[in-house]
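Chains: A, B, C and D, in written order; residue numbering restarts at 1 for each.
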């Protein structure tokens, strides 16, 4: 068993880093940007900043006798969906709250940070060790909201006819070159182990590690690019119902989809909106902001299909253990290399040359990759005990699994067993496409 | 004909006063308060601040050759409903715009103010005299938005579980005492002239002055009070469909109305939300924030009815010409006495003793009074020419006329012929009830 | 006072005639046609057949001690909106009821007819004389539903891609010729009496007779024709927001209106659907199935306006007393001449030559004429006592008055003081346009 | 390869039987019952009767040169969702079509039957053998609609306050006795083959046969009974969000679910509506008309879970091959024993004693059993070629698999590999619960 002081020291470093990263993402915002909610699925940045604080206040500080909440109504305002914790403000109405102000929200944040640092000292002294795990959950929770801050902000800015660039200037220079022809990597059939098994942190929905039978398949060595997706569009992809799932076609018609989210025709060409403003589409970069329906239709058009999550994870295991540059080789707690949020691009970039021929590229980072797997409990799944059991398990219905993290995901947050999930029509996440094929 | 310099001087004084009053109303706001939109019918304060500026830019400055708009997209963002002026941002989405920021919006305002002052100088020098009328329209337009800033803010704050008091501290002390029993003033039948006839400013919808036959009637000498309305509630007013218009009852059921807007049960009693925060209901003050449906049901319950607008105006003509303290005696351009926005209460107050027995009280100020008259064109009505013709005329459908101004109306904005109008289910304006009876 | 036997004899004749006319309208229907409900505002024919029966059962037979309803649940199924009578089946769900079958519904009808005839005998013998008035109400009520049977059926058939012609064969030959240029008849200003004043039957909403001041005006001597309306359409009428009320334009956009209801482009021309099937548009016949919004926009385009109901009634009084052929001269209880439901055309027809130069034509029959008057209580209005007070009064909100009856109105049902009312976007009634002008 | 005459003879017998069974189900209906549509997901019986005929006309007769459709618009009216076949009538508006009448619809049916019998003769003579498979598809298709006729009718009748019993009299006597305590049958882990593999008919979605790894599990030997479900209800099942999936709880709140569909409190007890009318709940019979959400919540409350479809099929394979009475032993084409539609009960019944201790009961018939498996393509799935490829594949999104058939399923229609599928909130099918557990 790890020494209390080591536990506390590790948590303290990570707490400081994670909390600071949230604030650094918000640094370019003006107060007005914090307030708006552009759709029910998105939340104001202010809400994210407060909710991540509320999480520590409620599930960590609140567990200790004698802690008085910073404000008697913040529990109501900043609880997201934890029914067992109490009533909460209606989600689609988060954008009508100008108060608490941004400044008060940061005061709330400071207050909880102070108490948390006191608690970490107590943990270092061997008390409250049972709260260490919840703190870790809280940090991963905050990292998820870092990604949501970015995607919700992007959605909000895209509603504004001024198309404001939150992050000024051009994005940091890209690496990578021409995409080249798409190649597939073959995998033999067999019973495979998937899911999280070790001691390191993972969400409950990644467990237990278990066996699945996976038939022979091939997986594309990189995501589908904008150039490839443009060919689908030019071939009438959005006008041919036979390429679509029935509910996907309904979504195309109802929402008048004609391109990925944030693409807009401008001056005869096509531009897309990024957190650094409008830009021309780069044909070599992974296509992003497509729904599961679009990913599925594209795959059908391309004579392929989406991978199952078991296939994806099987392939990732192989890839991430065979070469030095890959994430699996990162020391525990270290970030895998790749285009993650820390890089500050917040946009997928063209793939670099593979480390060795046939090695899959961009499995982690750049874009989340839609799988064909419904988000369901693994065999033997047990939700975390208590209120945290509401974190993941109750959403296992009518959603699909995405894998691999994106350019808006913090690097230390993701891993090969990580299961993200969204409804099939969601497009505001950094979601892209990796193809698979039967053999 | 008035001298150019006199015209300019009068307009300059009024321009300065009106523009400054808008800003004084906004003084207590933080940036976050400016952004939110709590329902499609309400607008963010920032939008009001910009739209009133856009009005001068578009209809006054834009009429002069060579004026370049401050920003190429502000016309799109801040046009409200003037179809002939061009496309515009979707009204229910005004609350998703964090940019331009509050600061930029005030820069816009400063810019237009400067140009307007230059123009006023030119008018003083005898040029562009034709724009004087439009400037006057723009000032009355801004005064209307001053009232909307107050009512929209109140609605927004009321959505917040924290119930923030925008205007801190207690409201200025009230005058007035116990309401006493309700008395009615009788009026004989006859053909009457109503509508605006003189040279002073009036909206097109107040014209032309014309004759109506008005039967004998009696009008209550003060508005219905909260105490009287509470008796209606205690008598099952919200549970007895026979008291309601059919569509009114539908609204009661659909919206689960049980009291006026902003009333809430607290600690065994009833409180109401004001711009100065939550307060106990004062039984002597006029009931406010009722819909036409509620006003109509109350009247039926009370064995009375709502007045027509012709009755109201007839009564107001008499009242406002017979005694010294009444508004009609105010010099042209001067404000009538009464509880108006300038007083800073933003809440109706109990009636003072009448100046003479039987004189109607609170006809102007305190609460808008629902009439039974549909908002329709007067016989011979001609909308203003050009785009300003869209100001009033096109809304003459499915709305009802309210009379008299409220505690949120600027005193120099209202008059006895003034016609306000809202749909029968609107409750977020300062709307109350004055009863009438057949004789 | 009329003799009981005369009262009974008159009622008996009228009861037989009205009840038989309902059934004759339904004669061409198959059982399936009776069941369907094409929109919430329309009802299945079966429901009309049962509801008109329920009206007599509830308000007449039910008033006598000892009457047991035909079926314990029919009160629930066939009450329309009489809250004081009890709960009722949800209006928009009337079309999901296959039972009672058509046959059972007619058995219900037979049963009530028998009891009603017994009651009429008792009235003849001097008992229950107080029920005579309610019986008269019930007969006028049934006549209103005769019109609704026709308009609801038409709407239902128009939803069917087969466009079934309920009434087979061509409609009876039309009279009338080329419409000719539109002329207006002038009327001097003055205080006029309108509303119903005599002993003959009228609905409560037509009373009391009262004075109004009517300014000088001119009224078109015939309704607007399809040919005239086509010119409005060709002039971009449905694409020019400046011609429309704001909520009217919203309705145009939301419903994609491009022509009156039931007009459809076919084979390069325009056809319209009638109860006798699809036909070419006749440029000389009155345009029909337009909403108030369309009538108002057309009038604005034509440089005219809609009449107020006082103007319409004033003009009708003059017209209907000056010449032999006009309705006002019909003996009491006799039908005015004109294109009414009895003629079996169920479609407006071109106007005949006027009886004398300048006499208004088609004031009664052919098409209901939208006025600019909101449906509101007349001064001194008192609803009928008891549950029948719900008949008209509670709908006096957000609707507009139409005058004159239509080709689907029974001739003995309408009169110059009759006030029909519908919301401004309603189009499925036989509603047309008569223009007015200020002088 | 089978002889043409044998193929034709077998198809002829089955065609006659299936078509006759549809008509026998409709025998008790009056014309009115055929027309109504109680919700968008359900269709009028008339539509089912016509659509199943359209299927043969379009996919079988229409394949032969020279066939002229019975009516030029029936293709538009009776196409369900086959985009590649052409435009179609809007699904939620099927209930506004009174024409074609029931009689015409049966004429259509007769017409197609005659042509089909001619074609079967040609097949017997060795021509058009390629159409044999499509005919078989058409027969299974019609059997699916037989079940939908029953469930849609039941839904429609349940909307009627009269609660009409379509099938008069009491249902045929039940077998089965007290349910007894629930026992589970254990299954060892291993790689299993599931899916359809033989030559007999199966839908494309049952193929290809493939391997899955199935962990050790236990499956309940009978479905959950009404008595057991009542205990869940009495324990606050519908008021405890922690028992529900998040979207399930949303459905409970939005729809105010408090019991399975068709249960209603009456006279102090609980009754349920059946196609034979209202009846008391039988505590020993399988609970029916629950959504996936309710099945899932019940299972969580019971400390169990729903089976995956692989578990269900694995268990069914064992059960149906080990004992004489089980369906798997039925000769090809013969019906398995069980409570199916042919029995005419149309309601689940208490389980009989097991044939041998521990043998699962009621796997086939009585109620469809919700699994936890999303409806997804099997590995290597290929939809049928052509328009029939739209039959199943395009619905593989946001639905869940149900297994085993019900009391409304024709016995010759179902098998152990059969995959039914509905969205998680669907309740109007005969859907129940079988529990599973990890070992």
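Observations
As a working rule, a residue touches a chain if its C-beta (ideal position, glycine included) is under 8 Å from a C-beta of that chain, and two chains touch if they have at least 3 such contacts.
Predicted model, so just to flag it, every value in this text is computed and none were measured.
Minimum number of contact steps separating chain A from chain C: 2.
Between chain B and chain C, the centres computed from C-alpha atoms are 39 Å apart. Put simply, the C-alpha centre of chain C and that of chain D have 48 angstrom between them.
Look at where the CA atoms of chain B average out and do the same for chain D: the two points lie 61 Å apart. Residue positions of chain A touching 2 or more other chains: there are none. Contact between chains, as defined at the top, is found for A-B, A-D, B-C, C-D.
Across the complex, chain D meets chain A through its residues 81, 83-84, 191, 210-213, 215, 241-242, 244-249, 292-293, 305, 372-374, 376-377, 379-380, 390, 394-398, 424, 438. Chain C meets chain D in the complex at residues 30-38, 46, 73, 76-77, 89, 93, 95-102, 156-157, 159-162, 164.
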